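Letters A, B, C and D mark the chains as written, and numbering starts fresh at 1 in each.
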Amino acid sequence: MMRTSRGDFTLCKRLTGLALLCVLPSWARAAELQVPASVEAGQAFSIPLEGSGQATFYLLGPDHVVKRSVSLGSELPIQSGDVRTAGRYQVIVCGSSCTSAGFEVKAAQPAHLSFFLHPSRVPVSTPGSIDATAFVFDRYFNLVLTPAAVDFQITPASGAGFSRQVSTRHGAAWMRMDSTPHEGRVQVTAVLGNVEEARVIQQVAAEACALRMKAVTSGDMVTLETEPVRDCSGNALPDGTVVSFTKIDKAGKSTVDTPIKKGIARVQFSVRGPAQISVACGVVLGNEVALGGKL
Amino acid sequence: MKNMAELTLAVKNISPRFVKAATLVIAACALAIAQSSPELPQVHLDAAGLAPRPVEELTGTTIARHYALAWRDLASALESGRAGGLGDEFVGFAKDRLVQRIGEQNQAGVHVRIVDHGHHLKAIFYSTDGSAMQLLDQAELEIQTFDGNKLLDTQNAPHEYIVLVTPGADRWYVRDLEEVSAKPF
Amino acid sequence: MKWGLVAFLTVATVVLVAIAWLQSGGLKQHAMFAAVTPEEAVQALMSQIQAHNYQRAYASLDRSSDTDLASFTRDMAGSDGSLRTYSSLQTAEVSPLHADRDQALVRVRMNWSSALGSLDDVRDLHVRRDGSVWRVVWPKPAFSAVPPQVVSVNYLRWDVIGRNTSQNWGAQEVDSPKVRITSMNAISRPGRVVILGEVENEDTVPAYLNVNATLLKADGSPIDEEGSFDLISHVLLPKQVSPYRIDFPGVRMDAVKSVRMDARALLVSASADPVIAVSDQALSKDGLDRNVLKGELVNQSGRPVNIAQVLAAYYDDSGKVIWVSDGYVDQALMPQVPVPFAVDIPNDIAGRLKNYRVIVNHYTQASN
Amino acid sequence: MRDRHEIFVLPTETSIWQRPIPVAAIILLALAIHGPLLAMQLPATTSYDANLHIFFASHYAHHWFNPWNEKWFGGFSQTTYPPLTHQWIALLSYIVGLTEAFMLVQLAAVVLLAVGTYRFAQLWVDDRAASYAGVLAVFAGSIAFLVYSAGQLPTTLSAPLYFLALPYFYWWCRSASWRALLKGVALTLAAASAHHVTLIFGSVLFAVPVLWLAWYDGREQEQPAAPIIGRGFVFAAIAAVGVGVILLPYWIAIIRHPIEQMPIPHASRSNLLMNWIYGMNYFIVPYGALLLALPFIVIKGASNPRLRMLLLAFWVTFLIALGGTTPVPRWIFGRAFEILTYERFTLWATVLALPIVGLLVAQVIDRFPRWGAISVSTAAVASLALALGWLSWSPFRTFSSLNVDSVVAFLNRDGHDQYRYLTLGFGNALSKVSTFTTANSVDGEYNSARLLPEMTRYGAAQLTSAKYFGTAGMDSLRVMLQHADHYGLKFTFVHDPFYEPLLVFGGWRHVESYDSGAITVWSKDDAPPARTIPSDAVPAPWEGWMWGILPIGSSFLAILFVWLLAEPRRVQGTVTLSREMPEGVYADRVRS
């Protein structure tokens, strides 16, 4: 885009500038400044400076500002370190008057992936429960906006692995998938060329299924013990999961919330006369046991 | 992570129509925010058709407000040469780069004045877990560059930015802000 | 003039001091310590307890009291880091129940200011005439002894390795636990709106939980935002369900259009220990004829629990949560020793409730 | 101060015991006694309020023209407290540091108190007795109590400025000297800029007796009463307008937000007879050996017509200082009784009594030169020793010496100052934390500035000391913790395990410990960062400018006037008494 002097704001100029931006293939032409329309991040280049005498050169980028004296009529080298961040850069050369031009620095080749795998724990056999999102960055951590194919490779704890390829849009690629029926670690690796980023997700048992307990009476004490607590796919609920036992007898209601240990939950009650005992895990109800007849 | 469970007395299911309505409301709210705070630039957020997750009304309003605050802080920092306030709205690469830019700008004795005529934000990606959102910002900016008191250059053209925003404890931060070639509005 | 002024200043000062002494209850205090009535004897005793003068309070008891100084002090001042050790007597209302020439029965309603709010303790005390004064007969406090034993503890503990803060954005992260509000009910109570219900930790790891609610007007603007504070169990083990209650004082139900609920869960280190059983729960009336849910707590682990909080959810016949109430237990829960508790139930709720569920929160001192 | 015809110097052949003690000696004595104690920074570790005043000063040091302080109560206006002492500390802090600056200003206050007492006593008694009064002020228990136990710097600076203004007030009433008027008004304005309460009560308790004295002395010298009284009112009017202008932001703040919070209990309001510890703290310790002189004060004051008004002023002040021990303060102040604290009245009562005590000392020394001097010295030193000893023996403990470095370091790192914090069990160490941290708190030590409903509705003072206010305190704390999210209150520092159960059941998590567990840090992890709390109490910018210029300006003006507007020189040498005087009375002064 061309800028020739201060205060040049007219609509005509703006439209001309925009038109030039569209039609010029690779070089933008200012009165004295010729800069590339775009360069790759970290790529050195030079700007020919027309005219004679001394001038002040300014380069203003997203994270970088350069100001130095230059001799007109020579090539002005722009170091690779001056253009590492993607975005619009502005070049201004001031001699007797100021001239400016702009160019765009685009991200270099992909070099980093910011990879989000969500959630980190997921119940088994849940449709659409796993989301993977990858943001592609170059080696200077510029978002790579050029479409690229990210390969999501899924490796479950048991069973065969599989992969899905997704093209990035505005530097991001994402996919969604179901959790598998078996608990355990699932590794998901996002791959783009030589760049790999792995994340792990834990598939855990779902809600308890067919919760059952048995009672063993000894005097006025009753010991209640669940069968191994599993979900509907047969995965054992992790130790520490709370199981609630409720006993109702003449003395009133008694409840104990106890965690599962080694796959089963166990509790002891004292009973006076007939009693009814029930078990639950979360919102899942188990069987009921009646002791000594009806209440 | 914050697990937002929105239960209303009358239960509502999110439907595409609701998303559209929400988008309109967000836009209206954003406009109202911009108009009620004269110092803030106008920000209009369009979240229609956002994938893979729709944006909640409250989230949209918050993003619009904090994006407006971010531009206000950015303009103020570039003009004053003080990077102190940037941490309120910027984080990560965006903050690091701006802090560096302002430091070098100060060394060179250069400062920039931005006259902000408003931003039209288009939400283009919102991750399912709600941890990141990408926005396309078409901004109307007048950028004046000074060396000391000498005006070096004025740009008055549309600007387009790819913005990555991520949630913090009570706000959305600008994590990445890259200007790309502007297309005519 | 000279001596007149001297006399005036002296007399006026004495008179003013005397007036203030009478206004400050000096005479009443004098009479109270004389204990010439049963009520005054109880008031004097309470006054000593209030001043933490347990030795003098014990000395003022009737000789027939079946207690020693240590037991009396433990009864009033608490022990084992119980809530009573975090309390001080604020007020004591004394009312006679029965009196004859040598014996009287006096009810004292003690209000204790504690670290967790005010606590009431109602006792009916026997008072006996001893010459010209009355003395309180202090009943023997019932302290259950813990038999020496070894309790094996092998409950689970979850530890969390957090993310290194220096790591880049997008590094491997562990999600917060997934919790779900399984029920929510908004009810109107005198002078306030109350939001109550239950929340479940659906995850396989413990959750540290807070539930907040925002009342919204018809135009979507917020009326007020409050949290459940201590009317919830903040640590929920996997699949554990907690009732919650959020009070909005000064808000009228007809101003509320909708409610925004916000359950925030954090991943924290936690232990499955201790397990506290709640036994012999029954609806009943207390000494002041209030509806209460009574029962006993039994600490099934080997470490004392200093303070326990009973949280009860009440359901109607359709299974909807209609009320949540709580109560702190002022005795420590020593291992295997049953400790009674009682939580209030409003009269209108007591008439409608069909079922209830009790969970127990606990606080254990770090040094234990 | 007096005209040359009324200056009396004792004959040179008078014994050393009968000569007045020079002012320079009194100043040196004050420096010698209090200098080392203040150099040890005793008030910073033993007093209740020293850190509070340092906190206020630190705000002025950083924001001289912005009296809105966000560090406490979610924001409060420092225009609710006259700023002079704080601004002087802030000024000096640029040279010596905050705490040292406080000590310097406090030392100046103590020296001025001794000089002020001397000057005030000169109105009533002869130079010798007045000089004894000045010396006794250095040892007074009430001054030591206010400086080292209460830490009430503004009271101890304002009082002497006011006592120094009173002789000018007297002289203006008597002679219409414009110099006296300027100096008196400037000192009065400076006194008001240091402490408003002193000014309000001082006008009645100190100025009215002095005006009466001017009228009385005028009548003795056949001066008409009307001009004297008229000039008194002119002085009062000028001072009132001046104070109205200088403290305008204060008046605006107090009118906009009158103190309507629930009364907070204070031990000085209790009946001291019902609790001997309080009696010791607010009666025995501040008065010390002065109590032995009470009969003499009453008899001597009553016997001499010229001292009667002083005696009455002392008696009223003495009764008020007793708090709830007599109904007088409640009758006088009504509802304000529950807002005021009464320990400062002991200081004023002491100063009002010292002229008469000076007479007693002179009488004792005249009768028993050596043993009398030894006895009086012993009594004076014992009074000071008792007040200093009480700092250790008293069952009341301050937390000023608590090491809060770890708390400050925690708050100032990792962005923790984006949230508000609360301390529990820190007592007055809260001010120390607040001074040095960049984070803001919902709590604070200055009760009058509180506007948050969680604090004003419960009749409890600082949340950090909530348990000492019983149910009211704990209820207030509970509600504040319930509203943690609203205030962005994320961190609570606990120095008393008493508060831990409330935090645990309320959903707070223990995150760190310092000093072997003496201080624990608790966090409410889901609290959002603190937002500015909108308040209609924020002073306008012009108020900030006024507040930053006028009060400190009044003190500069006072110094300038006192230095530049010299009085006519006194007659040097011996003056022989020209006329017969009634027993014990020299012209318009009284001696033993």
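Just so we're on the same page, a contact is a pair of C-beta atoms (placed from the backbone, for glycine too) under 8 Å apart; a residue touches a chain by one contact, two chains touch by 3 or more.
Please read these numbers as outputs of a predicted model, since none were measured by experiment.
Of the two chain pairs examined here, B-C and B-D, it is B-C that is joined by more C-beta pairs in contact. Put simply, the chain farthest from chain D by mean CA position is A. Our note on geometry: chain B versus chain C, Cα centroid distance of 49 Å, whole angstroms. Between the CA-based centres of chain B and chain D the separation comes to 54 Å, rounded to the whole angstrom. Per-chain CA centroids place chain A at a distance of 62 Å from chain D.
Centre-to-centre separation of chain A and chain B, using mean CA positions: 20 Å.
Among all residues of chain D, those that touch two or more other chains are 526.
Residue positions of chain A with contacts to 2 or more other chains are 116, 118-119, 135. Multi-chain contact residues of chain C, defined as those touching 2 or more other chains: 169, 175, 178, 264. Chain pairs recorded as touching, per the definition above, are A-B, A-C, B-C, B-D, C-D. For chain C in complex with chain B, the residues that touch the partner chain are 169, 175-176, 178-181, 184, 186, 256-265. Listing the residues of chain A that touch chain B in their complex gives 1, 3, 6-9, 14, 17-18, 21, 38, 56, 58, 60-67, 85-88, 90, 92, 94, 98, 100, 102, 104, 116, 118-119, 131, 133, 135, 141-143, 145, 169-172, 174, 176. Residues 154-156, 158, 168-170, 172-175, 178, 182, 200, 202-206, 237-241, 272, 275, 277-282, 295, 300, 356-359 of chain C touch chain A in their complex. Against chain D, the residues of chain B that register as touching in their complex are 2, 169-170.
Residues 526, 528-529, 531 of chain D are the ones touching chain B in the complex.
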